[in-house]
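The following blocks contain the structures, represented as structure tokens.
Both complexes below contain chain A, partnered by chain B and then by chain C.
Take a look at the complex of A and B:
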């Protein structure tokens, strides 16, 4: 066995330049694969984080059916009691209640459709307070103030301190109206929010809609890792089959599907890269075994078994694969690290990126799965590239091989 | 003569190591095939987004008050003289159809629920020629000239409002003089396009009744569809000359309306080069490797060639020609397979309806059809040939510099 390994080692260094070139091809291919997966992962993570912070949270409790069809009368009737029941779960960082409804928004001069969201300013985790561009965010004592998006303010010709008239249907189906003062204006860069969303104190929204309950209890966790476990814990504690508990994965189904499709496209590209690296390696092993036909004949003649020859050649290919893999991981990690420290700025696409909750920077997020899977694939491919020539060579007849010129 | 010898020897050399040549050609073929198909699909997606943007909504060219796009308010309407202008625009050669619309934002509600929408007052006969909404009718029918109080809305909106065909909905908006006005409509048709964002926010009624409701005689938008997209800017200039010379009225082409789509097209072209270059850097290493082996195998041969008086240049170009042949054969097979695949996909499309929920929400079409552009063949041809030839240069140079005596002694 030791002799075999020694042979393998010497064989691959016989054509130093060719072996190095093959290792280099693997290093380059693997490095690129790790980098591109890291770029994809990071952009997807950004999308998810930004949606979660824009209001979705990690877990939501709603009345059954409210997610499918958000009607005013699908209520959670005892929200504070529920919040108390789950508040002691360790992983939970914040719990907040919301009431939501569609409304006609008017400044007296002009009007437009929009959505009102009643929130608890002190308990809310949404990113809006950090996106205020003029005025200020809601505070706990407010009853008559609203915070609106920049585009909405422009559409309605509203400025700070002016009155916003909200017209909506209340719990009983009759038209209900309220006048509120614009206390703050925010800009998230996401058109749907900036042009349609109105945040107001929960109590004011409840009064407007003639309800006592809320529509959503939104939970944010310290870390998103154990969201399923926390969900089950929440279900156990609230123990109410009229309520629906959903994680962000269920709430953002369409985002996750879009991410999967994006991933599929990326993997196709990586598969092509992998095939080319495999082809190059296969060719190298075929050439080197062909050149050594006589030598292999001699090995057989002095009593080496076909199995040993096969093993030797597969090991040669595997060794090239392992060396390339080590280098590839180093290259991939280094490139990913470089771009996470110095992100690439994409000019001209700011709006498009913001629409999907992305920053206009290309950066990377390196995960262990990425490294393990990518290098695992490279290793498998390099072993497979060795198998075909190995079988070909081990079946050579000794006499013919010895006569081969 | 010399040329023919060169080509013959190059081909024979490739043929001598069939397996090796086949492996390298087939890896490049697979690479080309995959890249061409992937890029034709991405191009298909982008072109479909462009077409949806144009033909669902604004046409290739539209005329609006210069503030209307940022604030869809009734006060930013078009001047009355626009009616005369539209008649002149209809006379232009490249103009296929013109539609006039009155758009207003408001709240539509049923007994169950309500939603903010843009209601468009249209002339159905003209509108049908401009947009493809009439092709997406799910139940009921498109608006007719006599449908004074009927409304056309989307499946998505109908679901949200909990209404079906024949039900009544109430629309409320701000009229021209600032009062809130409202009117009840019966649902005469329900449509559903591939663009949920469009569906969610758009409903249609006849122009005349909407004008009466809002107490106005104006329109807010003119949408124009052309025969020939290539003459977009010329036609736009001609239309701009007809439009009254006030600062308030603006003529837009779709590229101004959807700058993001134009960016997508640019980014697409750039990323195509990047992806090809990454893949072909790997190909370059494979080819370089082969020619190192080739030179090593044939040292004796090159020695003999040189000793019988073959020039350095001949040997150099012999190897370059072999590399070029690898490129050419790979291109032929890669492009052929890709072309066949694309033809099949053009016929069948790739149905992503399994994921359609996600796609739709992101404004992507549900069924993807590939589309080919000139760049789709130009980039692979350039990248493949440059890669193959450049990566053979160094081994070729080495071979041409061999010393005959030493080379012939090599075993």
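Take a look at the complex of A and C:
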């Protein structure tokens, strides 16, 4: 076996330049794949973070069925008690209550459909306060103020200090209406929010809807890592089978699907690279075995079994793969690290990015899955590329091989 | 001679039968005649019973003929002052909390009225049980202690009706409906409306308690009329958008 490994090593370095070029191709290919996936992962993480900060949070408690069909009468009746029960969980950073309902919004001149969200301004973590473009955010004492999106304000012809008329159905199914003063206008860059949502104090929303409970208790964690563990802890503590506890993964199903589709594009890129690597390796191994036909004939003649010959060829290809893989991982990790420390600034587009709640920097997020998956595939492909020439060579007749010119 | 006498007797019996028994159409004509006065004014309460809650709304009602009516909510405090005005097929809603009048759009007509088992459409529906339906007498039955006719009503094409069929029980003596069953286009029972507590007001009979039950749901709406006057003079400007405030 040691002899075999020695042979493999010598065979690789027989054509030093050819082998080095092959290894370098793998190194650069793998390095780029790892960097590209890291950039993709980082932009996906940004999308998830921004959605979480726009209101979803990490964990939500709702009455059973409210997520599927958000009816006004699907209520959490004792929200403050529940919040007290879970607030001592270490991982939880903030807990806030919300009441939500669909409403007809009107300025008197024109009207449109929208969603009202009753919030607790002092406990809320949403990004809206940092996205106010005129006026100010809700404060705790407000009862009759609303904060609306820029597009909604434009659609209804509303400016600061003007009256917004909200028409909705209360808990009893009766028509309910309120007049509120526009205190602030926000811009998130997300059309569904800017043209659709009205934030008002929770008490005002409860009065409008004739309810005492709330629809959502939204929990934000310090770090999203242990969200499933925290979810189970929350379920244990509230111990109420009429309530549903959901993590952001369950709440943002469509976002996660979109990310998966984007990832599929990344895998396609990886597949193309793998085919190129496989072709180049196959070429090298076929060439070198053809050159060595007589040598292999001699090996066979002195008693080397076909299986040993096969193993030798596969190991040659595999060793090239391993060398390339090690170099590729080093390059990929180094590049990813570099761009996470020194992100690429996209100049000229800062405002557009900020409007959408994204940072105008391209940065990276390196995950173990990324490294293991990318390098694992390279290794498997390099071993497979050795199989074809290995079988071809092992089936040579000794006499013909020895006479090969 | 004998033959002539027989024919005479036979025709007499026939005529006699027609003279004493009413057709289904005639019965519904009498129902409509009793039901629709020139004007009325009533005070009533509506109790909505659902599994999770029960709610009582009290209101005042005026109507002039079959095309104009006005409902003003008196209690509970949250809904006090809400007014519904119906002129012909249009329904207007005044909301004191925003000091504005809204026309209920056609798309909202089939929605629940004030959370009850009645729809907005029930308030404005003009359908006439005699004119808009073809009637068929299915039989005679005793229901809630009254002798009644059981009549099937199938809407005529183009009639302003959402039901595929109504079965009505009509009291034989007063021509007051005792019960109506409403069937949807698939032929299944949707709502049952029961009329009780029939009182004579002036020359007409009127049920003072109406109960609308939704089939298959544990919920109902009960309308109870505590005070009613009929055929009284009402100022025409009562039924105008200005009077809503």
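Criterion: the second predicted complex is superposed on the first by the 362 of 405 C-alpha atoms of A that agree within 3 Å, B and C clash if a C-alpha of one lies under 4 Å from a C-alpha of the other, contacts with A are read in each partner's own complex, and residues count from 1 in each chain.
Everything below uses one rule, namely that a residue touches a chain if its C-beta (ideal position, glycine included) is under 8 Å from a C-beta of that chain, and two chains touch if they have at least 3 such contacts.
Computed from a prediction, not measured in an experiment: that's the story for all the values here.
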With the two complexes overlaid on their shared chain, look at chain A and say whether chain B and chain C clash or fit. clash
Applying the document's definition of touch, where does A:334 land relative to chain B and chain C: first, second, both, or neither? neither
Check the residue A:210 against both partner chains and state whether it touches chain B (first), chain C (second), both, or neither. second
If we overlay the two complexes on their shared chain A, which of chain B and chain C does A:3 touch? Say first, second, both or neither. neither
Count the residues of chain A touched by chain B and by chain C, then name the partner with the higher count. B
So in the superposed three-chain picture, is A:173 touching just chain B, just chain C, both, or none of them (first/second/both/neither)? both
Could you tell me if A:155 is touching chain B, chain C, both of them or neither one (first, second, both, neither)? first
Both chain B and chain C contact which residues of chain A? 108, 167, 169, 173
Give the list of chain B residues in touch with chain A in this complex. 19-20, 23-24, 26-28, 30-31, 34-35, 38, 42, 70-75, 105-107, 109, 111-117, 159-160, 162, 172-174, 178, 180, 259-260, 263-264, 267, 275, 278-279, 281-283, 285-286, 288-290, 292-293, 296-297, 352, 355, 357-362, 364
Complex interface listing, chain A residues touching chain C: 73, 108, 165, 167, 169-179, 210
Can you check the complex and tell me which residues of chain C touch chain A? 48, 52-53, 55, 57, 78-79, 82, 93, 95, 97-100, 102, 112, 114-116
Which residues of chain A touch chain B in their complex? 15, 17-18, 21-22, 24-25, 28-29, 32, 69, 71-72, 102-104, 106, 108-115, 154-155, 157, 167-169, 173, 196, 253-258, 260-261, 265, 268-269, 271-273, 275-280, 282-284, 286-287, 291, 348-349, 351-352, 355-356
